[in-house]
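Chain IDs A, B and C follow the sequence of writing; residue 1 opens each chain.
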Amino acid sequence: MSTKIRLDNLNIHFGANHAVKDVSMEVAENSVTAIIGPSGCGKSTVLRSINRMHDMTPSARVTGCIMLDDTDIYSRSVDPVAIRRRVGMVFQKPNPFPAMSIHDNVIAGYKLNGVLKKGDADEIVESSLKRVALWDEVKDRLKRSAMELSGGQQQRLCIARTIAVKPEVILMDEPASALDPISTLKIEELIEELKERYTIIIVTHNMQQAARVSDVTAFFYLGEMIEMGETRKIFTNPEKKQTEDYITGRFG
Amino acid sequence: MDKTATRKNGDGIFRALTMLFAFSILIILLIMAGEMVWESLPSLRKFGWGFITGSDWDAVQGSFAALPYLYGSIVSSILAILLATPLSVGTALFITELAPHKVGVVTASLVELLAAIPSVIYGLWGILVMTPWLQTTIEPFLIKHLGFLPFFQGAPYGVSMLAAVFILMIMIIPIITSITKEVLLAVPQSQKEAAFALGATRWEMIRMAVIPYGRSGILGAVILGLGRAIGETMAVTMVIGNTPQISLSLLSPAYTMPSVIANEFAEATSKLHTASLMEIGLILLVVTLVINFMARLLLWSVTRRWKGGTP
Amino acid sequence: MTLRSLVMRRATNLSATLLMGLATLMVLLPLGIIFYHIIKMGFSSINPGFFTSIPKPPGEAGGGMANGMAGSAVMIGMASLVGVPVGIFGAIYLTEYGGGRLATAIRFSADVLSGIPSIITGMVAYTLLVVPMKGFSALAGSFALALIMIPIVLRTTEEQLKMVPVSLREASLALGVPLWRTSLKVTLRSALTGVITGILLAVARVAGETAPLLFTALGNQFWSNKLTEPMAALPLQIFNFAIAPYEDWHRLAWGGALVLVVLMFTLSLAARWLGRSKH
């Protein structure tokens, strides 16, 4: 498998706070990479740097290099908007647009950009919702508000919204932490299916989840990447003591 | 690549555009201040400090001095504040501490209604209803019973300093009341409960817990009311009698800074006359800026303390 | 504690309570009286002609304030055309990019600007527009009103924009929507009712403004259809008619006051209703 994303000596500062320290890692195409670690370890911060969400925070400073295929995404000539088209994101709390219907939420990426041919909409909505296994549950109420859905349905809607714009990479920031166990299971099954088409990086504090869904796991602690490797190996035979302490529940 | 470039430009243009609009506010303020100073220069040069110490205002002779207007503005505003403050604080306490919730809400929105009435309507009511009433009832009464005091001597004109004080009082009560209300609502419940737990009556609780906490905020509200009173134009112009004199008697007509501007600015022909009115405007501007600044500082320190002090 | 002191304390409490109630009554009393007069005098002078004809010369009964109402509408409309976009876009700048010192300076300026007596705004509009254009004009009046609207719209809009959850903006940005589209189509769109509320309040505020029009729009006894000429405005007419010594004009002034008050309350009720339906 080829490398989709490469982080090289990534450092992220918020003002005087050095949140992410010298992180280097490679993510293979069509794989699921889980980032685990105790809260405050910088895992979400790393994730958000991969589609330049830190651009919105004036105090944030990102140094080092992140390559997406052959593009240095922090290069001056690169438009962050173009990067975010290629690298989608699913957030911790489901965040559908409250003023839009279910139908319009799925095609929000097109609508907000003002680029959508009339005939295409329904097709995109149907295929996206089918791919997240939400179609049968909502096909009779596409015009209703997205806020009427349950939390788990909202999160799947948000995933549908993300894949509707055909990204190459999907970043997931604790996508199931606000959901009940059954919804969580559905999201995990979905991740398994999505990896056939997309490269997925998921941040989670739930180690079982990481073990279930990911091919590769990276363990972060205090802003540093301690260890990264095949998920099975990390969870059964980690090399570093800190990793072992964490996965066996001795701290964090 | 081409498309990317336009997108990037979109954000750049948007940023520049919004910045331009935001920046224009700063520019407007600077232009306003600069313009006021610039246009006052002839008067500033010619009269110097004499402008605020002299009393002679004569467009024909070309000699201008603003003391009577300063006097009228200061006296009318301060007296109005003195009358309005206890009423406003009392009403705010009634709304926040005393009245059942619904009564409090209704009272508060009625007070807001008072604030929404335009100045010119207060003036209309003042000149057509209040001043005739003052002239026939209140002023003769004051002359008869308190006429030995210098404040209540002379003939009952109706239009007078007294009328201006009353109308200003009515107009600034809503401002002081609603800000005081906000300040009082921000007093932590725990403070009040602590006082009640010590066996305090409601009034003692207010004195022990509410007033000390709200003091500087209430002062801020009062000062804001003062700023509003000093800048108030239409209603005062319509009831104060517009006579540039300094008289101890509240029954005599007087004049204020905004009123003289309102009455004479459009008709001022000589350059010096316009400049003198501009200088009065400049004084008014500086005074209101200082007052508003003080009030905001007080209110800001209050809200900040609470934000920092309570978890 | 002796019984006597307890009685004293209760008495103090009671009298303080009574004083607070009395203060409230004294505050609300003028409101009642003023409304009584506006409604009584206003209704007796309003008839269909009031809305269709212009004022008659003193001594002649009848006449109306049609030109004043039209003039006010024109000038408020033009002031909004300038004041609303400047206020809204300024607020967007403050929320999207406003961390720095420039933003602080702009916020401070807006606060200062809203505290400046409106008569001074009128003087500045006079020197900036009336003098160079060599004449009083509706344009100058609208400009003065716009200056008053800007800080009100700016601060209310900024407050509303700040209340939009960050998660919505991030959702849009993560979909590859540029910041400017996100600002307009997600952030501003979500805050729209609140923003409209702010605009209504700003309009209500300037609709009653008289002082800034005294030496800009000046007023006009007749119809005017040029923006470069003096124009009548409702509050100006109320002022001029109230201080005139003619009964008929006083009657017109009361009618105008009623119209103005009804307009204000309609606007603020609409604003409240909008604000409520949102939550």
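A few comments on the model shown:
In this section, a contact is a pair of C-beta atoms (placed from the backbone, for glycine too) under 8 Å apart; a residue touches a chain by one contact, two chains touch by 3 or more.
Since the structure is predicted, the reported quantities are computational estimates derived from the model, not experimental observations.
When every chain is reduced to the mean of its C-alpha atoms, the one closest to the centre of the whole protein set is C.
When each chain is reduced to the average of its Cα atoms, B sits farthest from subunit A. When every pair of chains is scored by its C-beta contact pairs, the maximum goes to B-C.
Centroid to centroid, with C-alpha atoms defining each point, subunit B and subunit C lie 17 Å apart. Centre-to-centre separation of subunit A and subunit B, using mean CA positions: 55 Å. Centres computed as Cα averages put subunit A at a distance of 48 Å from subunit C. Looking at subunit C, one finds that residues 178-179, 181 touch two or more other chains.
For subunit B, the set of residues touching two or more other chains reads 7, 11. Counting partners per residue, subunit A has 81-82 as the residues that reach two or more other chains. Residue ranges of subunit C in contact with subunit A, taken from their complex: 99-100, 165, 167-179, 181-182, 185-186, 189-190. Looking at the complex, you find that subunit A touches subunit C at residues 51, 53, 56, 58-59, 81-82, 84-86, 88-89, 91, 93, 95-99, 108-109, 112-114, 158, 161-162, 165, 167. Across the interface of their complex, subunit B is touched by residues 9-10, 12-13, 16-17, 19-24, 26-28, 30-31, 33-34, 37-38, 85-86, 89-94, 96-98, 102-103, 105-106, 109-113, 115-121, 123-124, 126-128, 136, 147, 150-151, 154, 178-181, 183, 204, 207-211, 214-215, 218, 235, 238-239, 242-243, 250, 253-254, 257, 260-261, 264-265, 268 of subunit C.
Within the complex formed with subunit C, the residues of subunit B that make contact are 7, 10-11, 13-15, 17-19, 21-26, 28-29, 31-32, 35-36, 39, 86-91, 93-95, 97-99, 107, 110-111, 113-114, 116-125, 127-129, 170, 173, 177, 201-204, 206, 227, 230-234, 238, 258, 261-262, 265-266, 277-278, 281, 284-285, 288-289, 292, 296.
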